[in-house]
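Dropping the structures in below, format is structure tokens.
Paired with chain B in one complex and with chain C in the other, chain A is shared by the two complexes that follow.
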Partner chain A sequence: MIASLSINERQVGLMLTIGVAILGLIMLGAAKEGPMAVHGAMALALGIVLAFSLVGSLFDPDAPGGRAARYYDEPTRFGLMLTLIWGVVAMSVGVWVAALLYWPEATPLWPATSFGRLRPVHTTGVIFGFGGNALIATSLHVLQRTSRARLADSVSPWFVLIGYNLFCAWAVTGYLMGSTQSKEYAEAEWYADIWLVVVWVAYLVLYLRTLARRNEPHIYVANWYYLAFILVVAMLHIVNNIALPVSFAGARSFPVWSGVQDAMVQWWYGHNAVAFFLTAGFLGMLYYFLPVRAERPIWSYRLSIVSFWGIVFFYVWVGSHHLHYTALPYWVQTLGMTFSVMLLVPSWASAGNAIATLNGAWHKVRDDATLRFMFVAAVFYGLSTFEGSFLAIRPVNSLSHYTDWTVGHVHSGTLGWVAMIIFGAIYTLVPQLSGRTTMAWPKAIEWHFWLSIAGTLIYVVSMWNAGITQGLMWRTYDANGGLAYSFLESVMAMAPYYLLRTIGGALFLTGTVLCALNVRATMLATPVGAGASDRPLLTQPAE
Partner chain B sequence: MLRLHYNLERISMGLVAGIIVAASIGGLVEIAPLFTIDETVEVPADLRPHTPLELAGREIYIREGCYACHSQMIRSLADEIDRYGHYSLASESAYDHPMLWGSKRTGPDLARVGEKYSDVWHAAHLVNPRAVVPASIMPAYPWLAATPLDISTLSAQLATLARLGVPYSPERIANAAADALAQARPDGAGGAGFVARYGDRVAVRPFGGDPARLTEMDAVIAYLQSLGRLTTAPYVPQ
Partner chain C sequence: MTADQRHGAEIDPATGYETTGHDWNGIRELNTPFPRIVIWALALTFLYSMIAWILLPAWPIGRDFTRGVLGLDQRQIAMQGYAALERGRDDWMAPFAAGNLDALAADPALMARAMPAAQRLFADNCAACHGTHGTGGPGFPDLTDANWLWGGSPDTIAETLRVGINSGHPDTRVSQMPAFGRDGMLSREAVQAVTDYVLALPGSAADAQSAGAQVFAENCVACHGENGNGGLGTGAPSLVGARWIYGGDRAKVLATIHGGRQGVMPSWAGRLSAAEINLLAVYVARLGANNQHAEAP
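Up next is the complex of A and B:
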């Protein structure tokens, strides 16, 4: 990766890595012990390793000439590798914590491997590690292709990717050490949050600067979604994470929000993390890779406009459906419910637009597992958004809330939609980035597809059963007007479903491992000379 | 309309502004009023903040991720009220930075678990849930009883919370560490000072069972026993 940088850029990179090392040193020196010190040491080590490799290459040959006329895909390649590493690790942790609910004794009695600490490792690892890296990596690729311009500069994509992964690594190692804000999907502590803001601003600036260089008058729809993802996630992240550290020399902080306001801010964040991280960003991915792979233009331009603004506007209102029947004022709950139902319109418009795009390419869906991944993703997107609107209706929510139905719903979205579209994008991109026409093991894609489908269905169906059973057992009264079941009886009734869910998750994980190995084999089998994943700007069809 | 958008797509800053505006409205309408309306800002006169020991227990509750399996928010539904007690009031978590309402009940709601079980039961349950509830799938936390409680940062924590509006007076802040010890040592020195600072409704006893050592177990049990008992508002007819 360093060879693609000019000498000047290597010098800038060197300054940045030294900066990271100094930051790490300051954190280490200030905290001396505890999570912040460990995180300081991690930054220090990262900075030193990168600085040494950059120093070593200062006198190597300069970057190949004529770069400006080529796309810059090395960061994308690197980002996809990180995506798969996080995917395998975080899904393994997921399967492991799922197993712990069936075999609670299976865990060694160390604090770091306790369920409550591993659970955010799984969620952060899959959402931010797996999903986030996939979004950043593909966005950089899509941005260049749809703008017919090279990235605005060559250093900031590396800063964004490496900095972002430092954030993820700080977050998950923090949880293992017991450092957490306890806000779901925003557990990382204050200094990691500030660091993420820095990285995110660099990402936004890179995006806008590249857009400014575009050779296409129009900004393609995929970029609207990626932009919405970058902008709104920044907004959510900052507001939800405002906190006062107990000391600047330690990890612990207290959020400024408390009680009911904190709950509302948290679920405004939480649901919009779903909206703008797990939906808008991935719709950007869908709007580029599905038409490219199917070789058909997007079915309706008009529909894509309506659904885009519908999603951006409606989603922000719906977070309060996480707080039905709670101490949150009733009118806020009602607003959340109403907008959740209305949200179905733009959501189905997007899903429908994607599926209609496949008209005339159904034979490809049948024959090409990669395109099938994307088709299934669109279908699951449609199904989960329907389910989401349904679960947001107050009386339905009275049954489903707090149960495993929610967990099932989330996974039909994340496994069925998010992960499937990522796999579709990966299988489209990786051969191209490796100068090949196919993956190294084309048959393995087919296997992966069916493992994913089976895993997702087993997972989701078992969680539906679990959730509905729980909900009904909790609210059933006996003939004497007393509650019919103790809580413990509802726990015992879960055992078969928890076992099934673990099996479903394990199947899905197996598929992901297969994908990672396939990608590795493909990248290693890059033909010599094709090494430069840069491609001339003009021969690429711009979407 | 389409024409307008056609032009908007050519200006990246226009898109940026549009996205920010469209995505801000919902949040503003739903969140901003919560800081002003009585329903969400009124605090009962007798609401007390957590004692230093309970606060330390709360930190451990957060650290161990208990909130991933336990909610602390009883909804206003008949079966929940029958099972867990009076539905939760907004004011009950007014001093909670962050709130711990939770989102999943793998285990039961804990909003009113305070004084439902004895300290001994909790201690045995946390060390090994299956020793007391054979079918339980809750993880075991044997290290709580073995780890001495770190009380060195309690004053700083109270001071931070005081800056956020939690009623910790300068005396409460200055005596935080001593108060944590005093609450778990009924016969120890600081007892009178502790009662003077936090009132006589607060439980003072060796929660973890051993008055000679202050462990994380003391803190967690003190915290659990305080849940639902920070104000009498839900229990007295208005």
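Up next is the complex of A and C:
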């Protein structure tokens, strides 16, 4: 990766890495012990290692000339590798915590391995590590191709990727040490949150600068989605994480929000993390890779524009549906419920637009597992958005809330939609980035596809059963007006579903491991020189 | 590729629609007419929302909000729901609020209706410590045997539940097994000797002339009774039934006598209603009375 940087850029990079090392040193020195000190040491070590490799390369040959005539794909390659590493690690943790719910006696005795600490390692690892890296890596690719321009500069993509992964690593190691803000999907402590803001601003600037250099008159809809993802996630992250540190030399803080306002801000954040992280960004991915792979035009231009604005407008209202029947005022719940129902229309319009795009390419869906991944992703997107709007209706929610139905719903979205579209994108991109026409092991894609489908269906169906069973057991009264079941009985009734869920998760994980190995083999295989014409339009002067 | 070609619209053979003429590195879009069904769906969901906004509390206005023509209030609805459920139970629950518990326990028709609910109440509140069947576990007494710390009549149990044992309630029952060894009240040898004596109590093989018996008579009978039978109302258990709370092997008994014990049973007043406490008291009393391990104290 360093070889692709000019000497000048290496010098800038060196300053940045020294900056990270100094930041780590300050954190270490100020905190002396506890999670913040460990995190300082991590930053220090990262800064030193990177600085040394950059110093060593200062006198190596300069970057090859004519760079402006080529896309900058090294960061995308690097981001995809990180995607798969996080995917394998975080999904393994997921399977492990799923197994612990079936078999709690297996919990090891160390605090760091308790269920409560491992669960956010799984959620942060898959959402931010696996999903986030996939979004950043693919966005840089899509941005360049649809703008027909090289990235605006060569240092900031590395800063964004490495900085973002430092955030993820701080977050999950913090949980293991018991450091958490106790806000779901926003557990990382204040200094990690500030660091993420810095990284995110660099990402936004890189995106906008590259877009400004585009050689296409229009901005493709995928970029609208990626931009919505970057902008709104920044806003959500900042507002939800405003907190007062107990001391600047320690990892503990208190949020400025309290009571029901805190709950509302948290779920406004939480649901829009689903909306703008797990939906908008991935719709950007879908809108690029699906037509590219199917070699079909997007079915309806107008529909893609209208659903974009529909999704952006409706989603920001619906967070309160996570707080039905709570201290949150009834009127806020009504708004959350009604906007959730209206949200279904643009959601289904996007799913329908994607599926209709495959008209004229159904034979490819049949034959090409990569395209099939994307087709299934669009179907699951439609299914889970329908389910989401349905669960947001108050009387339905009174049955589903606090049950495993919610967990099933989330996984129909994350396994069926988010992960499948990532796999589709990876199998399209990796051969291209490796100068090849196919993956190293094309048959393994087929295996991966069926493992993913089986895993997702087993997982989701068992959680539907689990959730509905729980919800009904909690609200059934006997002839004498007493509760028909104790809570304990409802827990014991979960055993078969929890076992099935673990099996489903393990199947899905197996597929992911297969994908990671396949990607590794493809990246290491000798290029056959494919994709030589994949170039920016050279209207700008060469550097 | 010239600008003309790139921006020229063409007909897509598979669908028959025109493309928009935009081209992003090969990606094109069809100029499909906006699908009617989307407009209908939007209208329909908006209509649903309008109806909901008219009927239910919905939009903020200054410091107030639109109340909705149904005038619903979720707190009121919840309270009404609870009240209705309670009314449904009243015919068999009401007697427990202030009745004579022994008389209630003797009414088989009432028991048939009340005991299933009591069992669930027990599973939801008590099973975590006392076990699903009330048989206890290390540190938590078995409620199904005849070995009572404070007593097994429904009224005594109700009182135990109300105030708890070593709990935060002002009237809590207080009990303590002193730490004879750690606090230096007995020598190491005396602790060993009395441990042997206590271990032999259940089999009535205890040697009344032994050194341990001497120590026991001097230090333990005040709480555990002359023969170690308990039942003095001090919260000290009988030691003759071999039904140990903290375990009956030598190491555990030695640990009890050396380091003392003070179990905590939470107070349930305020968490459960008086009727629920009485219902549970009858239930627990029957656990003890109906069980197979019952032995005379």
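Rule of thumb we're sticking to: the second predicted complex is superposed on the first by the 526 of 543 C-alpha atoms of A that agree within 3 Å, B and C clash if a C-alpha of one lies under 4 Å from a C-alpha of the other, contacts with A are read in each partner's own complex, and residues count from 1 in each chain.
Keep in mind that, in the parts below, a residue touches a chain if its C-beta (ideal position, glycine included) is under 8 Å from a C-beta of that chain, and two chains touch if they have at least 3 such contacts.
Because the structure is predicted, anything quoted here is derived from the model rather than measured.
When the two complexes are overlaid on their common chain A, residue A:360 makes contact with chain C while staying clear of chain B.
In the superposed model, A:92 lies in contact with neither chain B nor chain C. Looking at the shared chain after the overlay, A:338 reaches chain C, while chain B stays out of its contact range.
In the superposition on chain A, no contact is made by A:53 with either chain B or chain C. Looking at the shared chain after the overlay, A:178 reaches chain B, while chain C stays out of its contact range. In the superposed model, A:145 makes contact with chain C only, not with chain B. With both complexes placed on chain A, chain A has more residues touched by B than by the other of chain B and chain C.
Shared-chain residue A:261: touches chain B; no touch with chain C. In the superposition on chain A, A:487 makes contact with both chain B and chain C.
By the document's definition of touching, of the two partners only chain B reaches A:228; chain C does not. Common to the chain B-facing and chain C-facing surfaces of chain A are residues 218, 302, 325, 329, 335, 339, 477, 482-483, 487-488. Residues of chain B that touch chain A in their complex: 2, 5-6, 9-10, 12-13, 15-16, 18-20, 22-27, 29-31, 34-35, 37, 39-40, 59, 62-69, 71, 73, 75-77, 79-80, 82-83, 87-109, 129-130, 133, 135-143, 153, 156-157, 160-161, 163-166. For chain C in complex with chain A, the touching residues are 12-15, 19-20, 22-35, 38, 41-42, 45-46, 48-49, 52-53, 56-60, 65-66, 68, 72-74, 78, 85, 88-89, 92, 113-114, 116-117, 119-120, 123-124, 127, 132.
In the complex of the two chains, the chain A residues touching chain B come out as 100-102, 104-105, 107, 109, 111, 114-117, 119-120, 175, 178-184, 208, 211-212, 217-219, 224, 227-228, 231-232, 235, 239, 244-247, 250, 252-266, 268, 272, 276, 302, 305, 309, 312-320, 322-329, 332, 335-336, 339, 398, 401-404, 406-407, 470, 474-475, 477, 482-483, 487-488, 491-492, 494.
Interface of chain A with chain C (complex): residues 145-146, 148, 216, 218, 220, 288, 291-292, 295-304, 306, 325, 329-331, 333-335, 337-339, 341-342, 344-345, 348-349, 352, 359-361, 477-478, 480-489.
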